[in-house]
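The following pair of complexes shares a single chain, subunit A, combined with subunit B in the former and subunit C in the latter.
Up next is the complex of A and B:
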């Protein structure tokens, strides 16, 4: 406040003016601040709401399939990108020599390389991996037709560490010393890349990309391309790192500020069934039950995520086994053989036998309907879709074969089952280990006799093993033109006919192996209609009218097979299927869903847990004795009484 | 707070409080002590309490240096080697980065 005594009018005016100016300044600052906030808000709104600027800058890719990171006990494989995506200047690779531009001479690294599928080879990918400071990512253009040259991204010796051929079992056969099963395998699927690799279909988006490259990035006639250049950004940031132990540990850390899952174990379900029903609640060894295990594999993989057609590597085998089960439906009901037949379809076999190792583990721990001692023999159906000249090969384990006559019988039965059919079965004719198969896991536990049916004598005939090209086209499944989807479903292709023959052989062998009568063999035939429908559903289109019939529908009703009553003159109950509209609905107090444990509106009753509840009686001495026992000599009579306490 | 108008005894008490407080694992108190009382201790003309204040400021500076060294060393080692320590590194961390070791 200006002092009246020492100020002249001018000073007072000056003071007033300064006060006024400072007030104005403060107001202006406030107004400016509000203005800026409002402007930012509107800009943000415009940016988010209309997105018109974003649409003018970016073109989103519609169909892209990444390669993802997988981890195991010791390694990580697959691809990784930065958290904010990898940006690279586009470069369409013309040949392997053109890599020099990307890796050394190009002036605007990092580059994002577009590869045609013919250039997606191990040598090019390894060179890109080594020069990864200049490589931002790779996009592979997948063609509409399979390449003519076979190539497999899997390793050349699949599952070599988890089969039965270890140094202990037989060192001469370990590590594919005798036969390299997948000679075309490059091992690309098991390499680690620190840039993202995406697959794109050959469609309009890809044309746009190529056009963008031609217009902006192409170095023509010695002139270097100038900015602005066409670039691509790929996002595929993977959360897990190092190996499985690390990522499972990081899943479970309790006191982290932001706990989140970083990886999941690969898991799914095996499918199994038996011709004579087995009590699944009584686990462990079943007395008197002798089972023939018919096994096949369900899964496959490729370099990219979620593309796994596996036509020859997986589908051919399990389709043949399904058709064989279908062929046996009458014979096993009318003249059931003495042994049971257990059909088992294993999942996860590609990744070191997840499904079969789990089933063997469950059997060993008495956690499965039968035991390993219940298994009489194993018949596995492997890759059977490509059999050239209609020949099938029967592989068996040379080590356990020496001590087993059941093996010889099984092979003879297979050969007799195939007689009169269009397919011939033979043994490879030299001592060779089993190919990668689920049967190897059973052999690790017990020397069970068994045979694996394949269409290759030694190395795989499948030239696209575990590749995205192992599809219907590779199995030559072709339909005449101008058929509707339903007509295609019912059309019996040549591949289906060939697989039907295989299924018939398998079915007949299983029947005899289970102890059935030879006289019935002629009536056991697989149905080509069934085979072609299953092949269509799994390899061409799964959303077809036949599969739709088999999907469970529980919109209105639930279904239950009930025991039923025993008719008057019999002790066996007659069961029936009951369709009910009655349902269950949860009866848990809403207080627990809302986490309102002090709620006044809802019941908050809980009951304690306890460890053991029991009681007992015994004789007890006087309390004074407990205190004075060491202090004074107690009367003998009481001592005698005290030590007489009977344990109850 | 403006030390101009504070009597010297109070300055000494303040300096001592900050110096003693820093021993409770509070090196920032020592930092404040050094910065705040530096002028008082070394650049003002001599007065009775200045010797004591000088002592406290020197000792605070020493303690601060020690803390800075220890913390810098530990932070460097942790940032550099956390990935290699595996389990121990994860249990020592509050936030573990995704996707990188």
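Up next is the complex of A and C:
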């Protein structure tokens, strides 16, 4: 009975379907088609808005800055989160004792701790790191003003393994045995955390977070807070693990069609220029070229990603050197000194001297315009923004100094250059190694004489070294109220005046060191207007009218320096700058942009790639000596001779 | 708010409907077809209503809150009326199809009665209506957060699920009563169905006062259930026989020994 019923049911189903199809075709489908078309059109017109239920549940945070993972040969540092984000119940930490709630007594782990910047210290962070099964993440609220007490997340001995002071060079000076350069350094930037750490500004979002915590999570009078509790989710999953060798190996896996990169090497560009032009295509040693290298550092870092103001640690140095180069523009044109001056601004110095080590490597491998033998001496401008009582300190390497008199000359020249100015230059007065500086990498290669100008006698005076608080406020760059941005750009601050003095000292020293005449020294002066504009552009607002004048634009024209022709009585070509309205436009068949590879309207020509193309000649042996494993069907008998292969 | 809320609300909303489907409809392919066709008809009615709603929102003044609220009420009323209109259209279609099927088939009796069609089509309407009510909400309930950071009530997910369950069952009862009213030409029954549908939909404007919307809805559900039971030919007598497993027709149809 079940079979019959099923069979007839199937028949009925088929009959019914045929009935339905005829009815549907007549009425509903036509109506539906029109409706669908119109609806789809309107939906595309209006766009799809955010789901309103999601808006009731989640509040997205607008300004969040994560801490990211960095790897080197042996370690990974920084923070990591789960692939789907870390969720934790909010807890606003009031004091270090309150950590007990997060780490031990709280009933609803894991917690996401909100810290004020004053509590973002090494001891609290280490305790959170050790209790990380109960900690889902940390959010640091950065204040609008700098804290009063100095703190630096960098290590206390920066770049200790990649400078010149190794056990081989001088064991008494290795590892900051003589001077701890960054005594306020906590080393937080170089710790590894397995929860995300974000920085937030003191704005509306932070108020919402605090209000949410007060309303839902606050335990009143010893009672435990009841669900639902306020929680936060932070996403900052990092793809790379373990160390650089592992992640570079994983970068090179070619299994899938679109291989995914998991890490990138830290890299950028050094900027260099010389007062007398150098032929950059002829690499290696240049005969007769003696160069004074004027060096400064471009970069800095902080605990969080992409926040690196570096006002005192980086900007003060390179601004002084830029102003010095500007001050020398006339003297080097009108009375060029015998030696060339090479200005070099190195990038990546924070991370074990990326830029300077690369330049030294290029010089050693004859891949740079000059050679290490071409360098006469080095003058590096370090941290010079905070010089209290207008004193600058000249640091030199005690080991290489023993064998060189050039160093003494350089120091004397510096002191004479500073005479008559508001700045006094002195040596530290005791045998001290060089502070962390790009010059150390040059010393590793050759014992070149050189001096590093800093504003600290031994340990750094910078109490926010490589920190997010090392900003314009720390350098006391302040403007009177009610100035427009353009007026602020032109206003000469006291910091700018002080840096101008430093730049003048550097410029005059470079001129005499390059062999220029002492009589011209009085005319070499740095321009405070230039210094204040550069400081404004790099520390306050980079989108200002002066920077905009300097950036290239190719709206209407392109510019080329062409070689030009030689005038009739000379063999030297006279070059000139040519402004051209001629442009290039792409000549790729539209078929490839449209992905119409069988197009009849456009050209579809392509050319194959090949691996090697070559030819060669040789002798071949007779067939008799070939050993045939396969029975050949075609008759391959040799003419008239006995063959080894039996004919088939 | 994690998987537990998601699964809990899904089963609350669709549990009874899925149980009904599995036990009474899934074995009969004909009933499945009519259920799906019913769902499709509800979908078309929603399409038309949303078209009108969309156009009217575009031409309205988006800044005026009162106008938007008025537009919402208008949209709800229009949608209810369109759903009932399509229910009537489906009824007409089924009558025609049944006559055609009868002439084509070799048996004397119809393979499916109009009462079964009413039940199945009502459930189809209910499934689709429930899906559209609650699927978006269920999708958001899977994430780690729950409603409340802006001060909304905690019980949003749960009350949405209970409301959806009520709506699905209500559609089923409405289907039965509606088709019965159309068969017997009792137009007041049809009007009552439309009126109760309007009342239930407009009760949702009470939200977030969930008590105010859910309790009357369940009262109406119970009353409609009783009405549908009697409209489908039920009575206290055969209820007793069914529950004590003594109903011969029922037993024969399902091949169960006494």
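The rule is simple: the second predicted complex is superposed on the first by the 523 of 648 C-alpha atoms of A that agree within 3 Å, B and C clash if a C-alpha of one lies under 4 Å from a C-alpha of the other, contacts with A are read in each partner's own complex, and residues count from 1 in each chain.
Everything below uses one rule, namely that a contact is a pair of C-beta atoms (placed from the backbone, for glycine too) under 8 Å apart; a residue touches a chain by one contact, two chains touch by 3 or more.
Predicted, not measured: the structure shown is a model, and the values here were computed from it.
By the touch criterion defined above, A:212 lies against subunit C but remains apart from subunit B after alignment on the C-alpha atoms of chain A. Set side by side, subunit B and subunit C differ in how many residues of subunit A they touch, and the one touching more is C. Judged by the touch definition given at the top, the superposed model places A:53 against subunit C, while subunit B stays out of reach. Of the two partner chains, subunit B is the only one that A:83 touches; subunit C does not reach it. In the superposition on chain A, A:145 makes contact with neither subunit B nor subunit C. Contact with subunit B, but none with subunit C, is seen for A:253 once the two complexes are overlaid on the shared chain.
Contacts of A:577 after superposition on the shared chain: neither subunit B nor subunit C is touched. Look at A:13: by the touch rule set out above, it reaches subunit C but stays clear of subunit B.
With both structures placed on the common chain, the touch criterion links A:231 to subunit C but leaves subunit B unconnected.
In the three-chain superposition model, subunit A touches subunit B and subunit C at no common residue. Subunit A meets subunit C in the complex at residues 8-13, 15-17, 19-20, 23, 28, 31-32, 35-36, 38-39, 42, 46, 51, 53-54, 56-59, 85, 87, 212, 228, 230-231, 233. Listed in rising order, the residues of subunit C touching subunit A in the complex are 28-30, 33, 37, 44, 47-48, 50-51, 54-55, 58, 93, 96-97, 100-101, 104-105, 107, 111, 136-137, 140, 143-150, 152, 154, 156.
Per the touch definition, subunit B reaches subunit A in the complex via residues 86-87, 90-91, 93-96, 98-101.
Contacts from subunit A toward subunit B in the complex involve residues 80, 83, 237-242, 246, 249-250, 253, 255-258, 260, 262.
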